[in-house]
Amino acid sequence: MALTREQMAMRVARELEDGFYVNLGIGIPTLVANYIPDGIDVMLQSENGLLGMGRFPTEAEVDPDMINAGKQTVTARHGAAIFSSAESFAMIRGGHVDLTVLGAFEVDQHGNIASWMIPGKLIKGMGGAMDLVAGAENIICTMTHASKHGESKLLEQCNLPLTGAGCINRVLTDLAYLEIKDGAFHLKERAPGVSVEEIQELTAGKLVVPDHVPEMTFEA
Amino acid sequence: MALTREQMAMRVARELEDGFYVNLGIGIPTLVANYIPDGIDVMLQSENGLLGMGRFPTEAEVDPDMINAGKQTVTARHGAAIFSSAESFAMIRGGHVDLTVLGAFEVDQHGNIASWMIPGKLIKGMGGAMDLVAGAENIICTMTHASKHGESKLLEQCNLPLTGAGCINRVLTDLAYLEIKDGAFHLKERAPGVSVEEIQELTAGKLVVPDHVPEMTFEA
Amino acid sequence: MAGFDKRVYSYEEAMDGIESGMTVIAGGFGLCGIPENLISEIKRRGVKDLTVWSNNCGVDGFGLGLLLEDKQISRIHASYVGENALFEQQMLNDEIEVVLTPQGTLAEKMRAGGAGIPAFYTATGYGTPIGEGKEVREFNGRHYILEESVVGDFAIVKGWKADRYGNVVYRDTAQNFNPLAATAGKITVVEVEEIVEPGELKPDQIHTPGIYVDRIIQGSFEKRIEKRTVREG
Amino acid sequence: MAGFDKRVYSYEEAMDGIESGMTVIAGGFGLCGIPENLISEIKRRGVKDLTVWSNNCGVDGFGLGLLLEDKQISRIHASYVGENALFEQQMLNDEIEVVLTPQGTLAEKMRAGGAGIPAFYTATGYGTPIGEGKEVREFNGRHYILEESVVGDFAIVKGWKADRYGNVVYRDTAQNFNPLAATAGKITVVEVEEIVEPGELKPDQIHTPGIYVDRIIQGSFEKRIEKRTVREG
């Protein structure tokens, strides 16, 4: 069975380590915050200038001066720091964020990612995504393995305009967890009940399959 | 008569305008702070990270965390701001300082300045001088017109290694006040009792002398 | 102290000198920390053909979105736009030119402009459409593109508190692009919620030193919230 | 919260991992705001052949001057040196290599290193010996030289107050190069006068966010004054 969005978030959460500074993109990545394992503390970076994003505010706590990069009202947690956009991207571009999780339209076996622009459709902009993929050393892409029409999104070469070149090391799809290195996708885990053949079928890029591909687990 | 150091400082002080942010170098420039005309308020920038340098502290006020760019203990005046060295030089290099006053070994008719290095002598460094001359649009050099041996310091071309190229617009020496433009020194004022001929004699660079060269006055 | 008293007492005075064809750098992220009254004054003046540098372009009827109504903006450098129908329409009609700029590059361009750095290298955008036509250079085995900085005719900024010297502090995430914009204007205008007595702001806790600021005005603010998101409390 | 508790309780632990041949970036201006105990620990360890980036090199017997006594520094990038006899002697004997760097360029190199900017253009040093051998480029009719950024194996920093998360504030002009150095170390160690409880430092008033900081130690400081200058009071 393909993973649900929640299961994807749970699986990504297992990659969190105690003391990580993490930037979570919009969508599934945001859900990861709900599944932080017990005994692990991570600090969420929001690129509008907040390190240590807390929970959403109660009605009484709502403050227009306190938002996250998704423009949602938010709170700051204990030990948070707030700063300018230049400082925020100094952190991001200087490689100080330990893990970035973001969505994508396509990734390819060279670690390229396309996530911001579909020619012919209205383009709203890349926001901080290009900075995040260029700056982080440790990036997990979350995405569906293929389109609704069964077209693979894990490609030999991205078709869409890139967000970043050669920067993605890990991909979690609804079918599999993969690492990208040496010009190939390396299959590490498969979603429970999904066969290697199924994954192979829906992976257009070069796929390296080890002898044993364990099923994913979601506990920390 | 050649100007005293105090007279030089007094003359430079006449160039101050109300609301100017000013960086004063070590030596004669520092003395300028003592002659700020009545009714004029200037804010002194110290490149170690202080905008709004105040008076020296009393014995009781001395604070090792509060120094100026000359490493002297100082105070901060009303309305001061304190910041990092990068921010300080952002101000300087971004052209936000209205006036910089600094000493020099040599200047030339192209606005070049040499002030930090005499080959063969011990070199201690340029500190912030290269940033200051490159960043300011409005620089006054204070210096003696000639060496003790009568060698002009206002040259056709600097002999010593430069601090900055083409950046000096005004020079106050102990003999004259001059502007540099179009590849020449333009004599604007002479020290009381000093003749144009004397100045001409001690100026190795191209000197443009107008019909009338007034004597300097020191009142605001 | 007249020389450093940067207070002005009307928005008309605050935006004095703005003209059609100028470049305006604006602080704010979404609708958070935007100089809302300065924007309204630009609208009131009806100046046209503005080039705007701002992370976003407001929403219909608020923030920079107001300047779309009379087509006052010809070009915008932003990282994320199109939160409003008018913007999309003008973009599709080619009535507004959009120069999409990665958010960090946008911030750094302002910071560099204010700091006298004409250009810098960044990995952001290398190998993407953003890098096309830009110089590529390798440092330590990685590729970077050259990005030039920006200085505006005006910078419009929203602060929290300021003193008459123009020293400004920002509140929480309303800081965002504001201190960067503040450094990059030939004329920098800051509107704040409160002008405090000199000395109230601790010198080593000032976000924008007064040297960058030309005019300070105290205003009142709607501070509209774009995405009110709450939990049960 | 173990993951973000960056406190260490001995200077030995604070400088764990420093080795001969490493690059160390140090905060401080003259003797103001220098990480005096971290420097002493480097001396105690006797590591050699260090490359140091610091605005100055202390004085005889204090600050970085201590590291000269056993010739621990092979090379220093600084804007102003030679305030001490030992330094001059080692410089004249070619026992220490001095790379003189304009003060603003030095600060910006650290800031850029921490911010992932490998190089930037600056007017500072153009047409001078500092510009020799560096790329020159014209922007808007002015000449600029290309300067590369720096990242150190260690950054040693002196703060005023910090919390266990590594959020740091500096006091008055003891700030200087410290927040820049803090961003540019692979391992950044900050010694402070006081470690305060989390939440005591206001989030929007933090100079160095904890993300840059690996270790925090509370120490006591001599804070020697280089040029005590007083007026009658």
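For reference, chains read A, B, C and D in written order, and residue numbers begin at 1 within each chain.
Assume a residue touches a chain if its C-beta (ideal position, glycine included) is under 8 Å from a C-beta of that chain, and two chains touch if they have at least 3 such contacts.
Keep in mind that this is a model prediction, so the values were computed, not measured.
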| item | value |
| --- | --- |
| Chain whose Cα centroid lies at the greatest distance from that of chain A | B |
| Between the pairs B-D and B-C, the one where more C-beta pairs touch | B-D |
| Between chain B and chain D, centroid-to-centroid distance (C-alpha), Å | 29 |
| Inter-centroid spacing, chain C versus chain B (mean Cα positions, whole Å) | 35 |
| Chain centre separation in whole Å, for chain B relative to chain A (CA means) | 55 |
| Length of the line joining the C-alpha centres of chain C and chain D, rounded to whole Å | 32 |
| Interface hub residues of chain B, defined as touching at least two other chains | 50, 76, 82-83, 89, 92-93, 135 |
| Per-residue multi-chain contacts in chain D, two or more chains | 108, 111, 115-117, 122-123, 171-172, 175, 203-204 |
| Interchain contacts (touch definition) - all pairs | A-C, A-D, B-C, B-D, C-D |
| Complex contact set, residues of chain C against chain A | 29-33, 55, 78-83, 88, 91-92, 98, 100, 102-108, 110-111, 122-130, 143, 160, 171-180, 207, 223-233 |
| Residue numbers on chain D that touch chain C, as the complex places them | 108, 112, 115-123, 137, 139-140, 142, 144, 148, 169-172, 175, 203-205 |
| Residue numbers on chain B that touch chain D, as the complex places them | 46-50, 55-68, 70-74, 76, 82-86, 88-89, 92-93, 112, 117, 122-131, 134-135, 161-166 |
| Touching residues on chain D, where the partner in the complex is chain A | 1-4, 111, 113-117, 163-165, 167, 183, 198-199, 203-204, 206, 209-212 |
| Partner chain D, residues of chain A touching it in the complex | 17-21, 40-43, 45, 50-52, 76, 78-83, 87, 89-97, 135 |
